[in-house]
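Per-chain residue numbering starts at 1, and chain names A, B, C, D, E, F, G and H are given in the order in which the chains are listed.
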Amino acid sequence: MTRETPWQVHLSGEIHTDWRERIRAAARERNLPVRFTAPVTDHAASDDVGVRILGEEQDAFWRDRKGAGINAIRTRTQLERADLVVVRFGEEYRQWNAAFDAGQAAALGKPLVVVHPPGLGHALKEVDAAAMAVCAEPEQVAEILEYVTREEAGEAAGAR
Amino acid sequence: MTRETPWQVHLSGEIHTDWRERIRAAARERNLPVRFTAPVTDHAASDDVGVRILGEEQDAFWRDRKGAGINAIRTRTQLERADLVVVRFGEEYRQWNAAFDAGQAAALGKPLVVVHPPGLGHALKEVDAAAMAVCAEPEQVAEILEYVTREEAGEAAGAR
Amino acid sequence: MTRETPWQVHLSGEIHTDWRERIRAAARERNLPVRFTAPVTDHAASDDVGVRILGEEQDAFWRDRKGAGINAIRTRTQLERADLVVVRFGEEYRQWNAAFDAGQAAALGKPLVVVHPPGLGHALKEVDAAAMAVCAEPEQVAEILEYVTREEAGEAAGAR
Amino acid sequence: MTRETPWQVHLSGEIHTDWRERIRAAARERNLPVRFTAPVTDHAASDDVGVRILGEEQDAFWRDRKGAGINAIRTRTQLERADLVVVRFGEEYRQWNAAFDAGQAAALGKPLVVVHPPGLGHALKEVDAAAMAVCAEPEQVAEILEYVTREEAGEAAGAR
Amino acid sequence: MTRETPWQVHLSGEIHTDWRERIRAAARERNLPVRFTAPVTDHAASDDVGVRILGEEQDAFWRDRKGAGINAIRTRTQLERADLVVVRFGEEYRQWNAAFDAGQAAALGKPLVVVHPPGLGHALKEVDAAAMAVCAEPEQVAEILEYVTREEAGEAAGAR
Amino acid sequence: MTRETPWQVHLSGEIHTDWRERIRAAARERNLPVRFTAPVTDHAASDDVGVRILGEEQDAFWRDRKGAGINAIRTRTQLERADLVVVRFGEEYRQWNAAFDAGQAAALGKPLVVVHPPGLGHALKEVDAAAMAVCAEPEQVAEILEYVTREEAGEAAGAR
Amino acid sequence: MTRETPWQVHLSGEIHTDWRERIRAAARERNLPVRFTAPVTDHAASDDVGVRILGEEQDAFWRDRKGAGINAIRTRTQLERADLVVVRFGEEYRQWNAAFDAGQAAALGKPLVVVHPPGLGHALKEVDAAAMAVCAEPEQVAEILEYVTREEAGEAAGAR
Amino acid sequence: MTRETPWQVHLSGEIHTDWRERIRAAARERNLPVRFTAPVTDHAASDDVGVRILGEEQDAFWRDRKGAGINAIRTRTQLERADLVVVRFGEEYRQWNAAFDAGQAAALGKPLVVVHPPGLGHALKEVDAAAMAVCAEPEQVAEILEYVTREEAGEAAGAR
């Protein structure tokens, strides 16, 4: 009996806390049929990738452009493949790339879940309004995943 | 020799009768290459999922919004993945969500089969007119699936 | 100085009350840059159109199919052209076609506004969750239209 | 002789400085065939629109949701209609909605121009990498518009 | 008060009878807001256009290819622009191009009306099943157009 | 080392000769990475499927409609999944469904190969002009498949 | 009586000869309902536009990038709006941008006409194979435009 | 634990040097989850395929057309399936097909990497501006692939 194709879930945004690990751990505990993708979360590796591979730049603007181009190859493919996009915002940094990913997800018609401390609600109201769910803790994302992938009795029953 | 990819069939609509089980049983008997998906059919679990995961609400409207958002993550992905969408209408309840799913399926270009008692024909005429087939009994859906997935002699013959 | 293209707003759903006239009157008062479309609201004309033009049918099912086909030509084109789709649900009738239109609008990425008495909220929770706004009175739709089409100072200032 | 259809340019982002006015003034001086659209830039009107039209809310989260929903009707239609999307980031505030609009524009395949002080380059590198042009002053946007809409000798020469 | 944009209706298929003229006459009588497009119906001009403009060919196959390419520029643009595609089949000739146009219209999501003598029903069943309406006389098409473009009381009432 | 995903090839059109078997046999001999799909080629089963499953009809038109609807579920899914669509036209019958499938394939952007006796070239010129290749014998289709799926030295070399 | 919307024709490629002027003159003579668009054909203005508006660059690579970005805003919008894309290749220069535009036009589903000296046929075979017509002289393009926009008797007859 | 789906990478362009082999070798060394596709790089086989399978032609133009049609079946499917398109330009030949493929990739929204000697930068500026990365050596492509497919700690951790 064939199981349903796993859900592919992209985890975008904040890279300075352990929120991705917490979602993964909670998903593992629940044995969920889910595959996660993420940006490269090693900050230095991500910032340097452009000039490391494509050659050094004097100007910081072009240095950043080279790195952002390569990171965009990864992100765009992960967004296109995702069944669900989760975006996390934290108190620190501008995190414009997180909001940019959320905008791409919305326009691509991907279901969006936003995770942020309640205090950021007003600043994130446009992003939240485009989301199917807004929560504060990573474990809530795992609960959502458990629910949306829960198999109904006999769901794959006809499959050879 | 590789077999064709199974058809994914989404079963939307009425949750108070055993119509899904009857289709699954009939598909199992026929050993059809089909995978079924469905909404969560435990009514209380479905109604409560929003506030259970995302936190309680005073206002019934927002309580419903939270639940509907999470259910929409599940439904939207299942509709997008479906090769065929089957929608069942019964005598009871308004079942606006069933008609809403049918409208989404039609606009996404998904083949649509509608199942309802003959007496509902006039009220459902717009939905029926968008369907490839309209029938009254779940077993007829299994017969349709048997026909559309029936393998022609030598169909996969070239595949390694 | 060129003005912006008017917004095309489709008014779907209930045909037994004067809700469309109330929106139009309120829009006229406000002199809004909006064009409205609607299904044929003469119930008998709508029900009979299929057999009147394409020939009589014995069977009620095919009678309805013929009429629904011609109405769908009108509705589909109006939905495709709409910048905003407003769907009204009332206490009477099943109104599955209204929910079907809402589903099509959602899947086509059209902004959706739903109008219904508050008491229908639970039954309409899936439709409401897909809407940008939910309200009870037609005049609120005109207020929304006034806001979304309001011209910012100098908005068309560069246009020859 | 028919002139080409004007370009529709959406001006998203920062609402506390006069950058939109500067672009419009510079476009007017150059007599460019351009129409501008923008969000409602009256901050209070924008924040309050949801509860003003749809009814008061106790909870700030739902208050914001109602307002963001109505603003999204406006923004989404303006983005869909735009030939070019210009997004401005400033030193103050988080401006996640600006980055969210940029993400939508990118995924919709709309050409994107980003305007920001040079010092924000590193924080905006993902957004900048998706842009066709990045500049610091609003007048540069008018210069770009002048170039991209410049009529070649005889460009409309065949048109009756 | 702005009127609605006229409907663009493409008339594909049979070129040996006066069915297009009959539809146009009936539309003119009814003063319908409709624009018609059609292939070039001068048979010789259509067959020869390729070699006349692009140079003679020895081989009949490439002679036909050149002509069909230029005709396809016209047809494809007319189909893309159409709100409604009408395809006429008659007793004579194979008319594979008519069925080919119908297939394109169906896949592009364009509403389809098919006109043919009742006796061709079995041979055309796949095409008819994709149509919103099937009729035998050109005047019925005009009646359909009258219905689908009929203006509801006050339909454009809000437009400046 | 992972092999490339097999190509899915849909074989549409004529059902009275052995052309599909000849393509399959030639593909099997060459051991090609190809999966074939086809309509149900048992003529009576195909014609009767609608009334057999959905109930008898008096009127031949609706009898055909029911059957065509179910066959369309099969065909539409097979066309959507196909990497290549092959359409065969023969001397007999009108075969409008074959041209209809070719039109759908063209509008869906699927590469198209047409197989027909040379004498039908003028009647099929619009269909042929939309094709990537036109040939007369089924074995030529197998040769095309061999070429387009031929693995370059080391093509999958990086795959784990 | 409303005339059909003019065709918008984009003229891409070679900028060193007068081929665009010849097409325009021939279209003017024939009084065709066509609007032409083109890249900026002043070579220096095109090459310098990036650094002139966005600031000087040391590195030739980034100098070119800035200019190409602004030119792409113009080209992309003109391609999106075009009903027909004409691409001209000449004997001199690499003209990779012309082939790049042709590839974009093909993938966007725009009808493509290619103009080049016969001697370049082998080098351009992939581009030619994607075209609806291939010719050597600009006047042939005007003849094609005359044919595809030729009005059938009574074509706009129903329009008010 | 399920691994992520491999990336499919299409290698378009120059066929006279060993650049594809160098990328494949570098990917193999790194054990990357990547599958490569490519055009048929046997020049004579590619040029002759049309007339070999479909029959000889007198005229070189149609000879080329037949071959290009069959090669396009292969290329189009490989481009549609690709997660990343790499296009290589060299000093020799016009390579218009490489730029044509790049244009298709860009319009299909596929991430693009361009490989060329630095001296070709000015001639390729429009193509480079559409790319996520531009480099000179094939091994740099493998480094990019290593980065974009690099698995984050626990990335597939939830998958059963």
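Definition applied: a residue touches a chain if its C-beta (ideal position, glycine included) is under 8 Å from a C-beta of that chain, and two chains touch if they have at least 3 such contacts.
As the structure is a computational prediction, the values presented were derived from the model and not from experiment.
The fewest steps needed to get from chain D to chain E, moving only between touching chains, is 2. By count of C-beta pairs in contact, E-F exceeds the other of the chain pairs B-F and E-F. Within the list C-E, E-F or E-G, G-H finds its counterpart interface, over half of the contact pairs alike by residue number, in E-F. With each centre defined as the average position of its C-alpha atoms, the distance from chain F to chain G rounds to 36 Å.
Once the centre of each chain is set as its mean CA position, chain B and chain C turn out to be 26 Å apart. Rounded to whole angstrom units, the spacing between the C-alpha centres of chain F and chain H is 28. With touch defined as above, residues shared between interfaces to two or more other chains in chain A number as follows: 69, 72, 134.
If you check the complex, the residues on chain C that touch chain B are 60-61, 64-65, 67-69, 71-72, 75, 89, 93-108, 118, 121-130, 134.
Interface residues of chain D facing chain G in the complex, by the touch rule stated above, are 2, 4-5, 7, 83-84, 111, 113, 131-135, 140, 143-144, 147-150, 152-160. Those residues of chain A that touch chain H in the complex are listed here as 3, 6, 9, 20-21, 23-25, 27-28, 31-41, 49-50, 53-54, 66, 69-70, 72-74, 76-77, 81, 145.
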